[in-house]
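Each chain gets a letter, A, B, C and D, in the order it is written, and its residues are counted from 1.
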Amino acid sequence: MKRKELAIKIFKEMYENDKMSQWLGIEALKISKGRAVLQMMVRNEMLNGMDIAHGGITYSFADSALAFASNSHGRKAVSVETSISHIMPVREGDVLTATTKEERITKKIGIYTIYITNQDKEKVALFKGTVYRSSKFWFPEEEA
Amino acid sequence: MKRKELAIKIFKEMYENDKMSQWLGIEALKISKGRAVLQMMVRNEMLNGMDIAHGGITYSFADSALAFASNSHGRKAVSVETSISHIMPVREGDVLTATTKEERITKKIGIYTIYITNQDKEKVALFKGTVYRSSKFWFPEEEA
Amino acid sequence: MKRKELAIKIFKEMYENDKMSQWLGIEALKISKGRAVLQMMVRNEMLNGMDIAHGGITYSFADSALAFASNSHGRKAVSVETSISHIMPVREGDVLTATTKEERITKKIGIYTIYITNQDKEKVALFKGTVYRSSKFWFPEEEA
Amino acid sequence: MKRKELAIKIFKEMYENDKMSQWLGIEALKISKGRAVLQMMVRNEMLNGMDIAHGGITYSFADSALAFASNSHGRKAVSVETSISHIMPVREGDVLTATTKEERITKKIGIYTIYITNQDKEKVALFKGTVYRSSKFWFPEEEA
(Lines give C-alpha, C1' and ligand atoms only; values in the text may rest on other atoms or scores of the structure.)
Protein backbone atom coordinates (compact mmCIF):
# COMPACT_ATOMS: atom_id res chain seq x y z
CA MET A 1 0.00 0.00 0.00
CA LYS A 2 1.30 3.44 -0.88
CA ARG A 3 1.89 6.01 1.87
CA LYS A 4 -0.93 8.26 0.72
CA GLU A 5 -3.42 5.41 0.66
CA LEU A 6 -2.25 4.35 4.12
CA ALA A 7 -2.75 7.93 5.38
CA ILE A 8 -6.33 7.87 4.09
CA LYS A 9 -6.96 4.42 5.56
CA ILE A 10 -5.77 5.64 8.97
CA PHE A 11 -7.90 8.78 8.73
CA LYS A 12 -11.01 6.70 8.00
CA GLU A 13 -10.27 4.37 10.90
CA MET A 14 -9.78 7.30 13.28
CA TYR A 15 -12.71 9.37 12.05
CA GLU A 16 -15.17 6.48 12.24
CA ASN A 17 -14.58 6.25 15.98
CA ASP A 18 -14.05 9.95 16.67
CA LYS A 19 -17.40 11.09 17.98
CA MET A 20 -16.19 14.59 18.77
CA SER A 21 -14.93 15.22 15.21
CA GLN A 22 -18.26 13.90 13.97
CA TRP A 23 -20.13 16.30 16.29
CA LEU A 24 -18.03 19.15 14.92
CA GLY A 25 -19.09 18.09 11.43
CA ILE A 26 -15.54 17.81 10.15
CA GLU A 27 -14.98 16.84 6.50
CA ALA A 28 -11.60 15.99 5.02
CA LEU A 29 -10.61 18.01 1.95
CA LYS A 30 -7.12 16.47 1.69
CA ILE A 31 -5.30 13.77 3.61
CA SER A 32 -1.78 12.69 2.83
CA LYS A 33 1.39 11.65 4.64
CA GLY A 34 1.99 14.27 7.35
CA ARG A 35 -0.79 16.55 6.21
CA ALA A 36 -4.53 17.22 6.61
CA VAL A 37 -6.84 19.91 5.24
CA LEU A 38 -10.25 19.88 6.91
CA GLN A 39 -13.48 21.85 6.76
CA MET A 40 -16.40 22.45 9.13
CA MET A 41 -19.29 24.89 9.60
CA VAL A 42 -19.99 26.74 12.84
CA ARG A 43 -23.45 25.94 14.22
CA ASN A 44 -25.57 27.83 16.75
CA GLU A 45 -24.83 25.33 19.52
CA MET A 46 -21.10 26.14 19.19
CA LEU A 47 -21.46 29.76 20.35
CA ASN A 48 -20.48 31.21 23.71
CA GLY A 49 -22.05 33.88 25.92
CA MET A 50 -20.78 36.65 23.64
CA ASP A 51 -22.52 35.18 20.59
CA ILE A 52 -19.30 34.20 18.86
CA ALA A 53 -17.83 30.71 18.50
CA HIS A 54 -16.52 29.35 21.82
CA GLY A 55 -12.70 29.22 21.80
CA GLY A 56 -13.03 25.47 22.24
CA ILE A 57 -14.50 25.11 18.75
CA THR A 58 -11.50 26.39 16.81
CA TYR A 59 -9.21 24.59 19.27
CA SER A 60 -11.07 21.28 18.83
CA PHE A 61 -11.02 21.68 15.06
CA ALA A 62 -7.26 22.33 15.07
CA ASP A 63 -6.63 19.50 17.52
CA SER A 64 -8.47 17.07 15.22
CA ALA A 65 -6.33 18.30 12.33
CA LEU A 66 -3.24 17.73 14.48
CA ALA A 67 -4.37 14.20 15.27
CA PHE A 68 -5.12 13.31 11.63
CA ALA A 69 -1.86 14.82 10.31
CA SER A 70 0.42 13.38 12.98
CA ASN A 71 -1.07 9.88 12.88
CA SER A 72 -0.95 9.70 9.09
CA HIS A 73 2.61 8.33 9.09
CA GLY A 74 1.41 5.03 10.54
CA ARG A 75 2.65 5.42 14.09
CA LYS A 76 0.09 6.26 16.82
CA ALA A 77 0.70 9.80 18.07
CA VAL A 78 -0.80 11.71 20.99
CA SER A 79 -0.93 15.44 21.62
CA VAL A 80 1.33 16.59 24.47
CA GLU A 81 1.36 20.39 24.39
CA THR A 82 -0.66 22.74 22.24
CA SER A 83 -1.34 26.46 22.06
CA ILE A 84 -3.78 28.59 20.11
CA SER A 85 -4.02 32.31 19.38
CA HIS A 86 -7.52 33.54 18.72
CA ILE A 87 -7.01 36.08 15.97
CA MET A 88 -10.50 37.06 14.81
CA PRO A 89 -14.03 36.35 16.07
CA VAL A 90 -15.77 33.40 14.43
CA ARG A 91 -19.54 33.56 13.89
CA GLU A 92 -22.46 31.22 13.30
CA GLY A 93 -22.50 29.97 9.72
CA ASP A 94 -18.80 30.57 9.14
CA VAL A 95 -17.15 27.79 7.13
CA LEU A 96 -13.72 27.10 8.57
CA THR A 97 -10.72 25.42 6.96
CA ALA A 98 -7.83 23.95 8.95
CA THR A 99 -4.54 23.50 7.10
CA THR A 100 -1.68 21.67 8.81
CA LYS A 101 2.03 22.18 8.34
CA GLU A 102 4.53 19.64 9.63
CA GLU A 103 7.37 21.74 11.04
CA ARG A 104 9.48 18.89 12.30
CA ILE A 105 9.25 15.16 12.80
CA THR A 106 11.64 12.85 14.62
CA LYS A 107 11.16 9.23 15.63
CA LYS A 108 9.49 10.30 18.87
CA ILE A 109 8.28 13.91 18.48
CA GLY A 110 6.28 15.84 15.86
CA ILE A 111 5.72 19.62 15.75
CA TYR A 112 2.91 21.15 13.69
CA THR A 113 1.43 24.58 12.99
CA ILE A 114 -2.16 24.84 11.89
CA TYR A 115 -3.91 27.87 10.43
CA ILE A 116 -7.67 28.16 10.60
CA THR A 117 -9.25 30.42 8.01
CA ASN A 118 -12.84 31.40 7.28
CA GLN A 119 -14.81 31.51 4.00
CA ASP A 120 -13.25 34.92 3.24
CA LYS A 121 -9.73 33.44 3.58
CA GLU A 122 -9.16 35.44 6.76
CA LYS A 123 -7.01 33.81 9.42
CA VAL A 124 -9.14 33.33 12.52
CA ALA A 125 -6.80 31.22 14.63
CA LEU A 126 -3.21 30.01 14.73
CA PHE A 127 -2.41 26.73 16.49
CA LYS A 128 0.91 25.09 17.39
CA GLY A 129 1.06 21.50 18.60
CA THR A 130 3.61 18.95 19.76
CA VAL A 131 2.84 15.24 19.66
CA TYR A 132 4.56 12.21 21.13
CA ARG A 133 4.91 9.39 18.60
CA SER A 134 4.46 6.03 20.30
CA SER A 135 5.89 2.70 19.23
CA LYS A 136 2.45 1.35 18.27
CA PHE A 137 1.23 1.32 14.69
CA TRP A 138 -2.29 1.72 13.33
CA PHE A 139 -1.76 -1.09 10.82
CA PRO A 140 1.37 -3.07 11.77
CA GLU A 141 0.90 -5.29 8.72
CA GLU A 142 1.48 -2.27 6.44
CA GLU A 143 4.81 -1.32 8.00
CA ALA A 144 6.92 -4.24 6.76
CA MET B 1 -24.06 45.24 44.88
CA LYS B 2 -21.08 43.46 46.39
CA ARG B 3 -18.30 42.21 44.10
CA LYS B 4 -19.08 38.55 44.74
CA GLU B 5 -22.73 39.02 43.91
CA LEU B 6 -21.77 40.90 40.76
CA ALA B 7 -19.43 38.05 39.76
CA ILE B 8 -22.32 35.59 40.13
CA LYS B 9 -24.70 37.87 38.21
CA ILE B 10 -22.19 38.10 35.32
CA PHE B 11 -21.67 34.32 35.34
CA LYS B 12 -25.43 33.73 35.08
CA GLU B 13 -25.75 36.23 32.24
CA MET B 14 -22.86 34.62 30.35
CA TYR B 15 -23.84 31.02 31.00
CA GLU B 16 -27.47 31.54 29.96
CA ASN B 17 -26.28 32.47 26.46
CA ASP B 18 -23.29 30.14 26.29
CA LYS B 19 -24.56 27.18 24.31
CA MET B 20 -21.19 25.47 24.18
CA SER B 21 -20.77 25.50 27.99
CA GLN B 22 -24.31 24.14 28.23
CA TRP B 23 -23.47 21.36 25.77
CA LEU B 24 -20.44 20.49 27.87
CA GLY B 25 -22.75 20.24 30.88
CA ILE B 26 -20.73 22.69 32.96
CA GLU B 27 -21.88 23.42 36.51
CA ALA B 28 -20.43 26.16 38.71
CA LEU B 29 -19.13 25.02 42.09
CA LYS B 30 -17.76 28.44 43.08
CA ILE B 31 -17.79 31.85 41.41
CA SER B 32 -16.21 34.92 42.93
CA LYS B 33 -14.22 37.97 41.85
CA GLY B 34 -11.37 36.67 39.66
CA ARG B 35 -12.12 33.03 40.28
CA ALA B 36 -14.21 30.09 39.04
CA VAL B 37 -14.41 26.43 40.03
CA LEU B 38 -16.42 24.36 37.57
CA GLN B 39 -17.44 20.73 37.12
CA MET B 40 -18.51 18.56 34.16
CA MET B 41 -18.83 14.89 33.24
CA VAL B 42 -17.29 13.34 30.12
CA ARG B 43 -19.94 11.78 27.87
CA ASN B 44 -19.56 9.22 25.08
CA GLU B 45 -20.02 11.83 22.34
CA MET B 46 -16.92 13.67 23.65
CA LEU B 47 -14.49 10.85 22.81
CA ASN B 48 -11.99 10.76 19.95
CA GLY B 49 -10.79 7.95 17.69
CA MET B 50 -8.63 6.51 20.48
CA ASP B 51 -11.58 6.14 22.83
CA ILE B 52 -10.39 8.85 25.22
CA ALA B 53 -11.74 12.37 25.59
CA HIS B 54 -10.90 14.59 22.58
CA GLY B 55 -8.29 17.22 23.54
CA GLY B 56 -10.89 19.83 22.65
CA ILE B 57 -13.03 18.79 25.61
CA THR B 58 -10.55 19.64 28.36
CA TYR B 59 -9.53 22.73 26.39
CA SER B 60 -13.14 23.92 26.02
CA PHE B 61 -13.78 23.28 29.71
CA ALA B 62 -10.68 25.30 30.71
CA ASP B 63 -11.50 28.05 28.22
CA SER B 64 -14.98 28.42 29.74
CA ALA B 65 -13.37 28.66 33.18
CA LEU B 66 -11.03 31.33 31.82
CA ALA B 67 -13.98 33.29 30.44
CA PHE B 68 -15.98 33.10 33.66
CA ALA B 69 -13.02 34.01 35.90
CA SER B 70 -11.69 36.84 33.75
CA ASN B 71 -15.10 38.45 33.14
CA SER B 72 -16.07 38.30 36.82
CA HIS B 73 -14.46 41.67 37.55
CA GLY B 74 -17.13 43.46 35.55
CA ARG B 75 -15.14 44.32 32.45
CA LYS B 76 -15.70 42.27 29.28
CA ALA B 77 -12.61 40.17 28.57
CA VAL B 78 -11.69 38.02 25.56
CA SER B 79 -9.14 35.24 25.27
CA VAL B 80 -6.08 36.13 23.20
CA GLU B 81 -3.56 33.34 23.67
CA THR B 82 -3.96 30.05 25.46
CA SER B 83 -2.03 26.82 25.84
CA ILE B 84 -2.83 23.44 27.30
CA SER B 85 -0.72 20.45 28.30
CA HIS B 86 -2.53 17.15 28.18
CA ILE B 87 -1.16 15.35 31.21
CA MET B 88 -3.27 12.19 31.57
CA PRO B 89 -5.90 10.49 29.40
CA VAL B 90 -9.51 11.36 30.27
CA ARG B 91 -12.20 8.70 29.89
CA GLU B 92 -15.96 8.44 29.51
CA GLY B 93 -17.72 8.99 32.82
CA ASP B 94 -14.83 10.96 34.36
CA VAL B 95 -16.00 13.90 36.44
CA LEU B 96 -13.69 16.84 35.83
CA THR B 97 -13.08 19.92 37.96
CA ALA B 98 -11.52 23.13 36.62
CA THR B 99 -9.94 25.47 39.16
CA THR B 100 -8.72 28.89 38.04
CA LYS B 101 -5.87 30.93 39.47
CA GLU B 102 -5.48 34.60 38.58
CA GLU B 103 -1.74 35.05 38.14
CA ARG B 104 -1.80 38.69 37.18
CA ILE B 105 -4.31 41.35 36.29
CA THR B 106 -3.70 44.84 34.91
CA LYS B 107 -6.21 47.29 33.45
CA LYS B 108 -5.86 45.68 30.01
CA ILE B 109 -4.43 42.17 30.45
CA GLY B 110 -5.20 39.18 32.67
CA ILE B 111 -3.13 35.98 33.00
CA TYR B 112 -4.61 32.78 34.43
CA THR B 113 -3.55 29.20 35.07
CA ILE B 114 -6.19 26.51 35.26
CA TYR B 115 -5.78 22.95 36.52
CA ILE B 116 -8.20 20.26 35.46
CA THR B 117 -8.46 17.29 37.79
CA ASN B 118 -10.53 14.11 37.70
CA GLN B 119 -12.66 12.43 40.38
CA ASP B 120 -9.50 10.84 41.83
CA LYS B 121 -7.89 14.30 42.24
CA GLU B 122 -5.39 13.48 39.51
CA LYS B 123 -4.28 16.39 37.31
CA VAL B 124 -5.34 15.61 33.74
CA ALA B 125 -4.55 18.96 32.08
CA LEU B 126 -2.80 22.23 32.76
CA PHE B 127 -3.98 25.37 30.95
CA LYS B 128 -2.52 28.87 30.76
CA GLY B 129 -4.48 31.76 29.27
CA THR B 130 -4.07 35.45 28.55
CA VAL B 131 -7.11 37.70 28.08
CA TYR B 132 -7.53 41.24 26.80
CA ARG B 133 -9.79 43.30 29.04
CA SER B 134 -11.91 45.68 26.96
CA SER B 135 -13.38 49.00 28.04
CA LYS B 136 -16.94 47.62 27.98
CA PHE B 137 -18.70 46.48 31.14
CA TRP B 138 -21.27 43.73 31.61
CA PHE B 139 -23.39 45.93 33.88
CA PRO B 140 -22.25 49.55 33.56
CA GLU B 141 -24.79 50.60 36.17
CA GLU B 142 -22.94 48.51 38.79
CA GLU B 143 -19.58 50.17 38.21
CA ALA B 144 -20.34 53.61 39.66
CA MET C 1 8.66 60.81 7.55
CA LYS C 2 7.64 57.69 5.73
CA ARG C 3 6.57 54.61 7.71
CA LYS C 4 9.61 52.59 6.69
CA GLU C 5 11.99 55.33 7.73
CA LEU C 6 10.14 55.65 11.03
CA ALA C 7 10.44 51.88 11.58
CA ILE C 8 14.22 52.12 11.07
CA LYS C 9 14.47 55.17 13.36
CA ILE C 10 12.64 53.27 16.12
CA PHE C 11 14.83 50.21 15.63
CA LYS C 12 17.99 52.31 16.00
CA GLU C 13 16.65 54.01 19.12
CA MET C 14 15.74 50.64 20.66
CA TYR C 15 18.89 48.81 19.65
CA GLU C 16 21.21 51.53 20.92
CA ASN C 17 19.88 50.97 24.45
CA ASP C 18 19.30 47.23 24.19
CA LYS C 19 22.35 45.74 25.87
CA MET C 20 21.06 42.19 25.63
CA SER C 21 20.56 42.38 21.84
CA GLN C 22 24.06 43.84 21.61
CA TRP C 23 25.47 40.98 23.69
CA LEU C 24 23.74 38.53 21.35
CA GLY C 25 25.45 40.29 18.44
CA ILE C 26 22.22 40.91 16.57
CA GLU C 27 22.39 42.64 13.19
CA ALA C 28 19.36 43.88 11.26
CA LEU C 29 19.04 42.58 7.71
CA LYS C 30 15.65 44.23 7.07
CA ILE C 31 13.43 46.49 9.13
CA SER C 32 10.10 47.80 7.91
CA LYS C 33 6.61 48.51 9.24
CA GLY C 34 5.55 45.37 11.15
CA ARG C 35 8.54 43.33 10.12
CA ALA C 36 12.13 42.50 11.10
CA VAL C 37 14.73 40.12 9.69
CA LEU C 38 17.73 39.71 11.98
CA GLN C 39 20.97 37.73 12.05
CA MET C 40 23.37 36.57 14.78
CA MET C 41 26.17 34.04 15.28
CA VAL C 42 26.26 31.51 18.11
CA ARG C 43 29.35 31.93 20.30
CA ASN C 44 30.96 29.50 22.75
CA GLU C 45 29.63 31.36 25.79
CA MET C 46 26.06 30.72 24.55
CA LEU C 47 26.26 26.92 24.93
CA ASN C 48 24.65 24.81 27.65
CA GLY C 49 25.81 21.69 29.49
CA MET C 50 25.08 19.52 26.46
CA ASP C 51 27.37 21.55 24.21
CA ILE C 52 24.54 22.96 22.12
CA ALA C 53 23.08 26.47 22.25
CA HIS C 54 21.11 27.11 25.44
CA GLY C 55 17.37 27.35 24.69
CA GLY C 56 17.52 30.89 26.00
CA ILE C 57 19.63 31.97 23.03
CA THR C 58 17.13 31.20 20.29
CA TYR C 59 14.35 32.49 22.57
CA SER C 60 16.18 35.77 23.24
CA PHE C 61 16.91 36.19 19.54
CA ALA C 62 13.23 35.63 18.65
CA ASP C 63 12.06 37.89 21.47
CA SER C 64 14.27 40.71 20.17
CA ALA C 65 12.78 40.19 16.71
CA LEU C 66 9.30 40.35 18.26
CA ALA C 67 10.18 43.62 20.01
CA PHE C 68 11.61 45.23 16.87
CA ALA C 69 8.72 44.12 14.63
CA SER C 70 5.92 45.00 17.05
CA ASN C 71 7.34 48.41 18.00
CA SER C 72 7.98 49.41 14.38
CA HIS C 73 4.46 50.82 13.96
CA GLY C 74 5.27 53.71 16.29
CA ARG C 75 3.38 52.59 19.37
CA LYS C 76 5.34 51.12 22.29
CA ALA C 77 4.57 47.40 22.62
CA VAL C 78 5.50 44.88 25.30
CA SER C 79 5.56 41.09 25.12
CA VAL C 80 2.82 39.40 27.13
CA GLU C 81 2.87 35.73 26.22
CA THR C 82 5.34 33.84 24.08
CA SER C 83 6.13 30.24 23.24
CA ILE C 84 8.95 28.53 21.42
CA SER C 85 9.41 25.06 19.97
CA HIS C 86 12.99 23.91 19.79
CA ILE C 87 13.09 22.03 16.51
CA MET C 88 16.77 21.24 15.89
CA PRO C 89 19.96 21.57 17.96
CA VAL C 90 21.94 24.77 17.37
CA ARG C 91 25.74 24.65 17.56
CA GLU C 92 28.67 26.99 18.09
CA GLY C 93 29.41 28.97 14.94
CA ASP C 94 25.90 28.60 13.53
CA VAL C 95 24.64 31.77 11.86
CA LEU C 96 20.96 32.22 12.71
CA THR C 97 18.32 34.28 10.92
CA ALA C 98 15.05 35.36 12.56
CA THR C 99 12.18 36.26 10.23
CA THR C 100 9.00 37.75 11.69
CA LYS C 101 5.46 37.44 10.37
CA GLU C 102 2.71 39.70 11.68
CA GLU C 103 -0.31 37.42 11.99
CA ARG C 104 -2.70 39.99 13.39
CA ILE C 105 -2.65 43.51 14.71
CA THR C 106 -5.41 45.44 16.46
CA LYS C 107 -5.19 48.74 18.32
CA LYS C 108 -4.19 46.94 21.50
CA ILE C 109 -2.85 43.48 20.59
CA GLY C 110 -0.33 42.11 18.08
CA ILE C 111 0.31 38.44 17.27
CA TYR C 112 3.51 37.31 15.55
CA THR C 113 5.16 34.09 14.43
CA ILE C 114 8.92 33.98 14.05
CA TYR C 115 10.99 31.30 12.36
CA ILE C 116 14.65 30.88 13.21
CA THR C 117 16.76 29.20 10.55
CA ASN C 118 20.44 28.32 10.38
CA GLN C 119 23.02 28.88 7.61
CA ASP C 120 21.74 25.75 5.83
CA LYS C 121 18.20 27.18 5.78
CA GLU C 122 17.04 24.56 8.27
CA LYS C 123 14.36 25.65 10.73
CA VAL C 124 15.82 25.38 14.23
CA ALA C 125 13.05 27.06 16.23
CA LEU C 126 9.49 28.30 15.86
CA PHE C 127 8.29 31.14 18.09
CA LYS C 128 4.83 32.63 18.62
CA GLY C 129 4.36 35.88 20.54
CA THR C 130 1.57 38.17 21.67
CA VAL C 131 2.27 41.80 22.55
CA TYR C 132 0.22 44.49 24.26
CA ARG C 133 0.34 47.80 22.38
CA SER C 134 0.36 50.71 24.83
CA SER C 135 -0.90 54.23 24.22
CA LYS C 136 2.65 55.65 24.29
CA PHE C 137 4.55 56.41 21.09
CA TRP C 138 8.28 56.25 20.42
CA PHE C 139 8.20 59.55 18.52
CA PRO C 140 4.91 61.34 19.22
CA GLU C 141 5.92 64.14 16.88
CA GLU C 142 5.87 61.68 13.95
CA GLU C 143 2.31 60.51 14.56
CA ALA C 144 0.45 63.68 13.58
CA MET D 1 24.23 6.48 45.60
CA LYS D 2 20.97 7.96 46.81
CA ARG D 3 18.66 9.74 44.35
CA LYS D 4 19.20 13.15 45.90
CA GLU D 5 22.98 12.79 45.75
CA LEU D 6 22.70 11.65 42.15
CA ALA D 7 20.54 14.70 41.34
CA ILE D 8 23.24 16.98 42.77
CA LYS D 9 26.00 15.11 40.93
CA ILE D 10 24.14 15.56 37.64
CA PHE D 11 23.54 19.25 38.35
CA LYS D 12 27.27 19.81 38.98
CA GLU D 13 28.21 17.96 35.81
CA MET D 14 25.71 20.00 33.77
CA TYR D 15 26.48 23.35 35.36
CA GLU D 16 30.24 22.99 34.95
CA ASN D 17 29.81 22.87 31.18
CA ASP D 18 26.86 25.25 30.91
CA LYS D 19 28.44 28.52 29.91
CA MET D 20 25.11 30.30 29.49
CA SER D 21 23.94 29.46 33.03
CA GLN D 22 27.33 30.65 34.26
CA TRP D 23 26.94 33.92 32.33
CA LEU D 24 23.52 34.39 33.92
CA GLY D 25 25.19 33.92 37.32
CA ILE D 26 22.85 31.13 38.38
CA GLU D 27 23.29 29.64 41.86
CA ALA D 28 21.48 26.53 43.07
CA LEU D 29 19.50 26.94 46.30
CA LYS D 30 18.05 23.42 46.22
CA ILE D 31 18.48 20.45 43.90
CA SER D 32 16.69 17.16 44.37
CA LYS D 33 15.02 14.46 42.30
CA GLY D 34 12.65 16.25 39.90
CA ARG D 35 13.17 19.67 41.44
CA ALA D 36 15.41 22.76 41.30
CA VAL D 37 15.32 26.11 43.09
CA LEU D 38 17.75 28.62 41.57
CA GLN D 39 18.74 32.23 42.12
CA MET D 40 20.35 34.95 39.97
CA MET D 41 20.77 38.73 39.94
CA VAL D 42 19.86 40.93 36.98
CA ARG D 43 22.85 42.89 35.68
CA ASN D 44 22.98 45.99 33.49
CA GLU D 45 24.04 44.01 30.42
CA MET D 46 20.78 42.01 30.66
CA LEU D 47 18.51 45.00 29.97
CA ASN D 48 16.65 45.77 26.76
CA GLY D 49 15.86 49.02 24.95
CA MET D 50 13.16 49.89 27.48
CA ASP D 51 15.57 49.66 30.42
CA ILE D 52 13.97 46.54 31.87
CA ALA D 53 15.30 42.98 31.74
CA HIS D 54 15.12 41.50 28.22
CA GLY D 55 12.43 38.80 28.04
CA GLY D 56 15.21 36.37 27.16
CA ILE D 57 16.70 36.70 30.65
CA THR D 58 13.73 35.34 32.60
CA TYR D 59 13.18 32.77 29.83
CA SER D 60 16.82 31.60 29.96
CA PHE D 61 16.70 31.42 33.74
CA ALA D 62 13.51 29.31 33.65
CA ASP D 63 14.88 27.14 30.84
CA SER D 64 17.98 26.37 32.91
CA ALA D 65 15.72 25.44 35.83
CA LEU D 66 13.75 23.18 33.47
CA ALA D 67 16.97 21.50 32.34
CA PHE D 68 18.29 20.93 35.88
CA ALA D 69 14.95 19.64 37.22
CA SER D 70 14.15 17.36 34.27
CA ASN D 71 17.64 15.85 34.04
CA SER D 72 17.85 15.18 37.77
CA HIS D 73 16.19 11.76 37.43
CA GLY D 74 19.26 10.39 35.68
CA ARG D 75 17.94 10.25 32.13
CA LYS D 76 19.09 12.92 29.64
CA ALA D 77 16.17 15.20 28.81
CA VAL D 78 15.81 17.95 26.20
CA SER D 79 13.32 20.79 26.02
CA VAL D 80 10.75 20.44 23.21
CA GLU D 81 8.12 23.11 23.75
CA THR D 82 8.08 25.94 26.26
CA SER D 83 6.04 29.07 26.92
CA ILE D 84 6.45 32.03 29.22
CA SER D 85 4.12 34.78 30.39
CA HIS D 86 5.85 37.99 31.35
CA ILE D 87 3.86 39.14 34.36
CA MET D 88 5.80 42.10 35.79
CA PRO D 89 8.79 44.15 34.63
CA VAL D 90 12.16 43.02 35.99
CA ARG D 91 14.82 45.65 36.73
CA GLU D 92 18.57 45.90 37.17
CA GLY D 93 19.61 44.62 40.58
CA ASP D 94 16.54 42.43 41.04
CA VAL D 95 17.33 39.08 42.62
CA LEU D 96 15.25 36.39 40.94
CA THR D 97 14.30 32.94 42.21
CA ALA D 98 13.11 30.13 39.93
CA THR D 99 11.10 27.33 41.55
CA THR D 100 10.21 24.27 39.49
CA LYS D 101 7.15 22.03 39.85
CA GLU D 102 7.03 18.65 38.14
CA GLU D 103 3.46 18.38 36.86
CA ARG D 104 3.82 15.04 35.16
CA ILE D 105 6.51 12.57 34.24
CA THR D 106 6.27 9.49 32.06
CA LYS D 107 9.06 7.36 30.65
CA LYS D 108 9.40 9.65 27.64
CA ILE D 109 7.81 13.03 28.53
CA GLY D 110 8.06 15.46 31.45
CA ILE D 111 5.89 18.55 32.02
CA TYR D 112 6.98 21.33 34.38
CA THR D 113 5.73 24.72 35.55
CA ILE D 114 8.23 27.24 36.85
CA TYR D 115 7.50 30.45 38.73
CA ILE D 116 10.03 33.25 38.78
CA THR D 117 9.75 35.65 41.69
CA ASN D 118 11.73 38.73 42.69
CA GLN D 119 13.24 39.76 46.06
CA ASP D 120 9.81 41.06 47.14
CA LYS D 121 8.26 37.64 46.46
CA GLU D 122 6.31 39.06 43.53
CA LYS D 123 5.73 36.72 40.59
CA VAL D 124 7.47 38.21 37.55
CA ALA D 125 7.11 35.34 35.10
CA LEU D 126 5.32 32.03 34.69
CA PHE D 127 6.91 29.32 32.51
CA LYS D 128 5.57 25.99 31.27
CA GLY D 129 7.86 23.44 29.64
CA THR D 130 7.69 20.00 28.06
CA VAL D 131 10.81 17.83 27.76
CA TYR D 132 11.57 14.65 25.86
CA ARG D 133 13.37 12.10 28.01
CA SER D 134 15.91 10.18 25.94
CA SER D 135 17.21 6.67 26.56
CA LYS D 136 20.68 7.95 27.50
CA PHE D 137 21.74 8.34 31.12
CA TRP D 138 24.12 10.88 32.68
CA PHE D 139 25.77 8.18 34.81
CA PRO D 140 24.80 4.73 33.49
CA GLU D 141 26.80 3.11 36.27
CA GLU D 142 24.42 4.61 38.87
CA GLU D 143 21.28 3.19 37.25
CA ALA D 144 21.84 -0.50 38.03
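What we mean here is this: a contact is a pair of C-beta atoms (placed from the backbone, for glycine too) under 8 Å apart; a residue touches a chain by one contact, two chains touch by 3 or more.
Remember, predicted model here, so these are calculated numbers, not experimental data.
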{"item": "Selected pair, greater C-beta contact count between B-C and C-D", "value": "C-D"}
{"item": "Most distant chain from chain A by Cα centroid", "value": "D"}
{"item": "Gap in Å, rounded to a whole number, between the CA centres of chain C and chain A", "value": "29"}
{"item": "Rounded Å distance, chain B centre to chain C centre (Cα mean)", "value": "33"}
{"item": "Rounded Å distance, chain C centre to chain D centre (Cα mean)", "value": "23"}
{"item": "Residues within chain C bordering two or more other chains", "value": "80-81, 83, 85, 111, 128, 130"}
{"item": "Chain D residues touching chain A - in the complex, by the definition given at the top", "value": "80-81, 83, 108-109, 111, 128, 130, 132"}
{"item": "Chain C partner contacts - residues on chain A that touch it in the complex", "value": "83, 85, 87-88, 103-104, 111, 113, 123, 126, 128, 130"}
{"item": "Contact footprint of chain B on chain A as seen in their complex", "value": "13-21, 23-24, 44-51, 54-57, 59-61, 63-64, 67, 76, 78-86"}
